[in-house]
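What follows is a pair of complexes built around chain A, which joins chain B in one and chain C in the other.
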Partner chain A sequence: MKTNIKLLLLIAAFLMTLVSIRPVMAQDTTPAVSDDQVNEVAQDLYCPVCENTPLDVCPTKACTQWRELIREKIALGWSEQQIKQYFAEQYGGQVLAVPPRRGLNWIVYVLPPLVVLGAVFLAVNIVKRSRKPVKSQTEDSSLPSSAAPGTVLDQIEKDLQKEE
Partner chain B sequence: MNSPVENQPSSAPDKRRFPWLVAVISSLLLISLLVIMGLWMKQSKITALEIGAEVPDFTVTSFEGDTFQKSALEGKLILVNFWSSWCASCDEEGDALEEVWQEVKSSGDIVFIGVNYVDTEKDSLAFIEKYGLTYPNGPDLGSKISHIFKVQAVPETYIIGRDGTLAAVKIGAFESTDEIRTLLEQTGQE
Partner chain C sequence: MIANIGFGVLVITLVTSLIAVITAVYGVTSKTRAMLETSRLAALSTFPLLSISIAVLIVLLLSGNFEYVYVYQTTSLSMPVYLKIAALWGGQQGSLLFWCWLLSGFTFIVLIRKWKQDRDLLPWVIVVTNITIFFFTLLVLFFENPFLKYYIMYNGEIITSLFQPFHAIAADPTDGSGLNPLLRHFGMVVHPPMLYLGFVGFIIPFAYAIAALIEGRTDDHWLKATRKWSLTAWLFLSLGLVLGSRWAYDVLGWGGYWSWDPVEISAFMPWLTGTAYLHSMVMQDKRGLFKHWNIALIILTFCLVIFGTFLTRSGLFSSVHAFSESELGPAFFIFITVMFIASLGLLLYRWSSLSSGYQIKSFFSRESAFLYNNLLFIAIFAICLLGVIFPILSELFTGQQVTVGPQFYESAAGPLFALLLLLMGIVPLTAWSTSTARNLGKSIWKPALVSLTFPIAALILGAHRWVAVLAIWLAALVICVTLYDYIRSIRLRAASQHESIGKAFITLTSRNRRRYGGYIIHVGVALMGVGIIGIEFFQTQTQSMVKQGETLELSGYTVTYNNLEITDTPDGRNVAEAEMTITRDGRDLKVVYPRIDYYYDSDQAVTVPGLRTTLADDLYIILVDWEPVTSEGATFKVFRNPLMNWFWIGSIVAVLGTLLALWPSRERKSIQKEPA
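== the complex of A and B ==
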């Protein structure tokens, strides 16, 4: 009798353990995704409905749905790049904070460095020009003192020799 | 004797002119690029389709996988309704559109197409099920169709005439089923 009770208790304990393990297994297959993880992706995406609002701070219902979609994709193991590509395909390239490098988008990448380079080039030239007049004055004044007097003296010497 | 001294002034002005030439050229380049960008943005954002204008060809693939191409539907009256599950006023309109669709679908002369605007598939399907929409509905992949019609907000409805031109535009939700019927009658007679 006692052995039967012990056996029943053992079976009950085993079943209880199984029941308690099941939710843990369920959690393992669908890992919880934190808001920080979602926002890390969402901050690089823009709401196309409300202009100039990043997805991580956008308060609309549409943005809430999209953040939930990001959460689902992360839980499925999608990378940040894959999620961004999915959003661009679904809603268009304008949802990306960093526009894709194609077509007229290249202007965004090429123009600022060109403007900076041009500005640097101009600044360097302006500085050079502001220094040049000082240099040329000294060069001009040095020419007659070093070269011209020499040649003049030679000429005078030659003239004197002729006269002699 | 004087050649080194004489050559100096003649070469100096050329050197001085060079930075200004570069400045003018780069400024012109910058201005042209900004003008191009401005024109591109203006064309892509603001210019809306006008009534009577030819509607460019587009294709909607429904959530069920059926394809509807505008050019293949020529000769029929096409009602294109842009909606979203997150749009509050789309709810009532969905009911009204479905009611009218039930009345006209048997004629085979009128086609209703729901275009799901910047929405998630899960929420869109839940919306379709909730309001029992039976006319074809599909996502606007890449926002290409809404870009053609220059959709600013939802709901917006466009009726394409039998000749493929834009026949009518309704910005905002339809207030009643009668409003939809009247619009279809008016555009169908043209």
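== the complex of A and C ==
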């Protein structure tokens, strides 16, 4: 009788083990996260320790672990944005490849277009102002004002004479 | 003993450069010829003096005197001789001394060649160059002395000192820690000297510009006298940047050549302003335009040269290019500020006398095109400056650290680079003075039509990103227009002079080297653009762990992992080298050996890629990791970099064009032969 009970207990334990193993097996059947998927996210993050080194190429052990962390997050179904946000919260804003759009960081987004606009404004203004006729203007007769073949030939010859 | 000579000579150099400055100023203001001669001799002597100091340091590096801090930190017994010499510029102290020595050499050449011709300007050139030499010698002597030794105190503490302290004995290490492994590459041997030659070279035109402002010589003389200096400095700076890119491609193992690292950008910024200056020089030379602008540009370039040197050494940024943190920051900051304010003050003082009588007449004239070119360069520079200093500003004002990565630079400056390509394509066919869009259209339509075949071919071959297709067209436009204008000029010359095409080509090229040198540079830059387009828009990559005999697939290539060998080398490395076979369509193309070199002396590893390179693409394979003990499985990262080789070919073409533009003309030679 005792043997039967032991046998029943063993079978019960075996069944329970099987039941507990099932979720693990279920996890194993989910598609593995490839290195390429990890690097896709890691290339837009910077190593929190080695300044100015993208996470996908950083050779340190710490970065290897961070890449594994990205792998885990992808496996859990996190989006790229969520992972970046997580890293920024954990290690600070410097892990992001570009500053987040807030506060003083707006300078980085606003200033370049302003620089370009300023350059366009300057160019237009300088040329417009210059086009007003000036009596004292000196003409360099060695430089033709048109690119027609005749004048191109003149230009070539005058250039050569100048060099000589 | 020998180190004491090196140190003593540095002290003498410091005094000599100060004497040169004082006597030059006094000589000019009091019009004392003897004082000016003293100044000249003092300025001339800094070069041989610093040469002695450099020679002493090289002897110490080669003879393995590891009791000297600099020798210990930058060399080891296992390093080959050429790397021991390169260690001269491999560390903070040595590179500062080297920088200073180059400047004294350039000053020496100017004084020898130009003293009689430019008697009125050269005393002020001495003042500017010797103030800079004085500043750098001061830094070397009091902040970053390469002649310090290790001493062991009575309590066992190890200290560094120039002279032996009481109760201390000299340390005698048997080996050094060696140069940073990343720097043990041929690119490292040549990249820093080229960059320094470029940096220092721009100080000469700056010194001439300041001299002209002080003397009120607002004509073009300063500009013409330093034209070749400027072009030479630009050549070296360009070479430095390209060689640095090659070094990064070969050693840093990230699959690219340029990472928009703040220290890289700090060398790129003077190149941008220097390039703008080279273009606007032409305008002053031919049309008398941009006089204020040229002086402003050379002042800016000088300040950026010092700023770049400051950024590399201040410890503000961590980078593979940066030296360790030091106390130099405030000294550099003060020097840049004083030089910038003083130069700007002088420019403003002479502002009215620098006015030009000539005016720009049309939006489509060549003068306007040069103006747009300059504004584009300055806009790109402003974006780069913002990207470099913004992390500092953010930390200063908000306490938050931020990274400004490549995405910022590529999206903000990328369109401006495209516009520069467009200008390069248009300019050869623009007319001087008066011109209209109609005239320009008439001149350009033929080569523009031919250039369209390239983006069409790209579309047929599968390029679908419109930005990439547009960029390909712009690069093609530059090449087609330049070649069209070149060929048209040759044919016209041949027809008018009844010469053969070959003779007309030689006559044109050899007699107008500046113009056609510039054309070749433009073609070179467009070819470099092709390489950049390839890697920026069409790069593909994959990474995976594979077992021996297994393969990786990327863009039609198959890469098979054959085996991995781990060996210790006699020069102190542990080398893990994989053997990979690259095949395509079942055909073996090449066997490559990506490896990781671990350096025992410095406890650092370097990733060396396996590379298969053709005109169409590069296959770039990095060994990322491997299974310990068995080495059976290993992780590889494979990049396919289309058209990458054109970047290097283009840089060679650009260098050849610059050399052609620099080549002395016959006229110059004959002038030199005339008796003085």
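Operating definition for what follows: the second predicted complex is superposed on the first by the 103 of 164 C-alpha atoms of A that agree within 3 Å, B and C clash if a C-alpha of one lies under 4 Å from a C-alpha of the other, contacts with A are read in each partner's own complex, and residues count from 1 in each chain.
In the analysis below, contacts are C-beta pairs under 8 Å (C-beta built on N, C-alpha and C of every residue); 3 or more make two chains touch, one makes a residue touch a chain.
Since the structure is predicted, the reported quantities are computational estimates derived from the model, not experimental observations.
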{"item": "A:32 touches, of chain B and chain C: first, second, both or neither?", "value": "neither"}
{"item": "Dominant toucher of chain A (residue count), chain B or chain C", "value": "C"}
{"item": "First, second, both or neither for A:62, with chain B first and chain C second", "value": "first"}
{"item": "Contacts of A:92 with chain B and chain C, given as first, second, both or neither", "value": "both"}
{"item": "First (chain B), second (chain C), both or neither touched by A:125", "value": "first"}
{"item": "Touched partner set for A:107, first chain B, second chain C, both or neither", "value": "both"}
{"item": "Contacts of A:54 with chain B and chain C, given as first, second, both or neither", "value": "second"}
{"item": "Which superposed partner A:46 touches (first chain B, second chain C, both, neither)", "value": "second"}
{"item": "Touching both chain C and chain B, counted on chain A across the two superposed complexes", "value": "92-94, 104, 107, 111, 115, 118, 122, 126, 136, 139-140, 143, 147, 151"}
{"item": "Contact set on chain A toward chain B in their complex", "value": "48-49, 60-62, 65-66, 68-69, 88-94, 104, 107, 111, 115, 118, 121-122, 125-126, 129, 136, 139-140, 143, 147-148, 151"}
{"item": "Residues of chain B defined as touching chain A within the complex", "value": "1, 4-5, 8, 12, 16, 18-19, 22-23, 26, 30, 33, 36-37, 40, 84-86, 118-120, 122-123, 139, 141-144, 147, 153"}
{"item": "Chain A - residues contacting chain C, complex", "value": "34-36, 39, 44, 46, 50-52, 54, 57, 59, 64, 92-99, 103-105, 107-108, 111-112, 115-116, 118-119, 122-123, 126-127, 130-132, 134, 136-140, 143-147, 149, 151-153, 156-157, 159-160, 163-164"}
{"item": "Chain C residues within the chain A interface of the complex", "value": "253-255, 259, 261-262, 286-288, 317-319, 357-363, 368, 371-372, 375-376, 378-379, 382-383, 386-387, 390-391, 393-394, 397-398, 400-408, 412-413, 416, 429-435, 439-440, 442-443, 488-489, 492-493, 496, 507-508, 511-515, 541-545, 605, 607, 625, 635, 637, 665-667"}
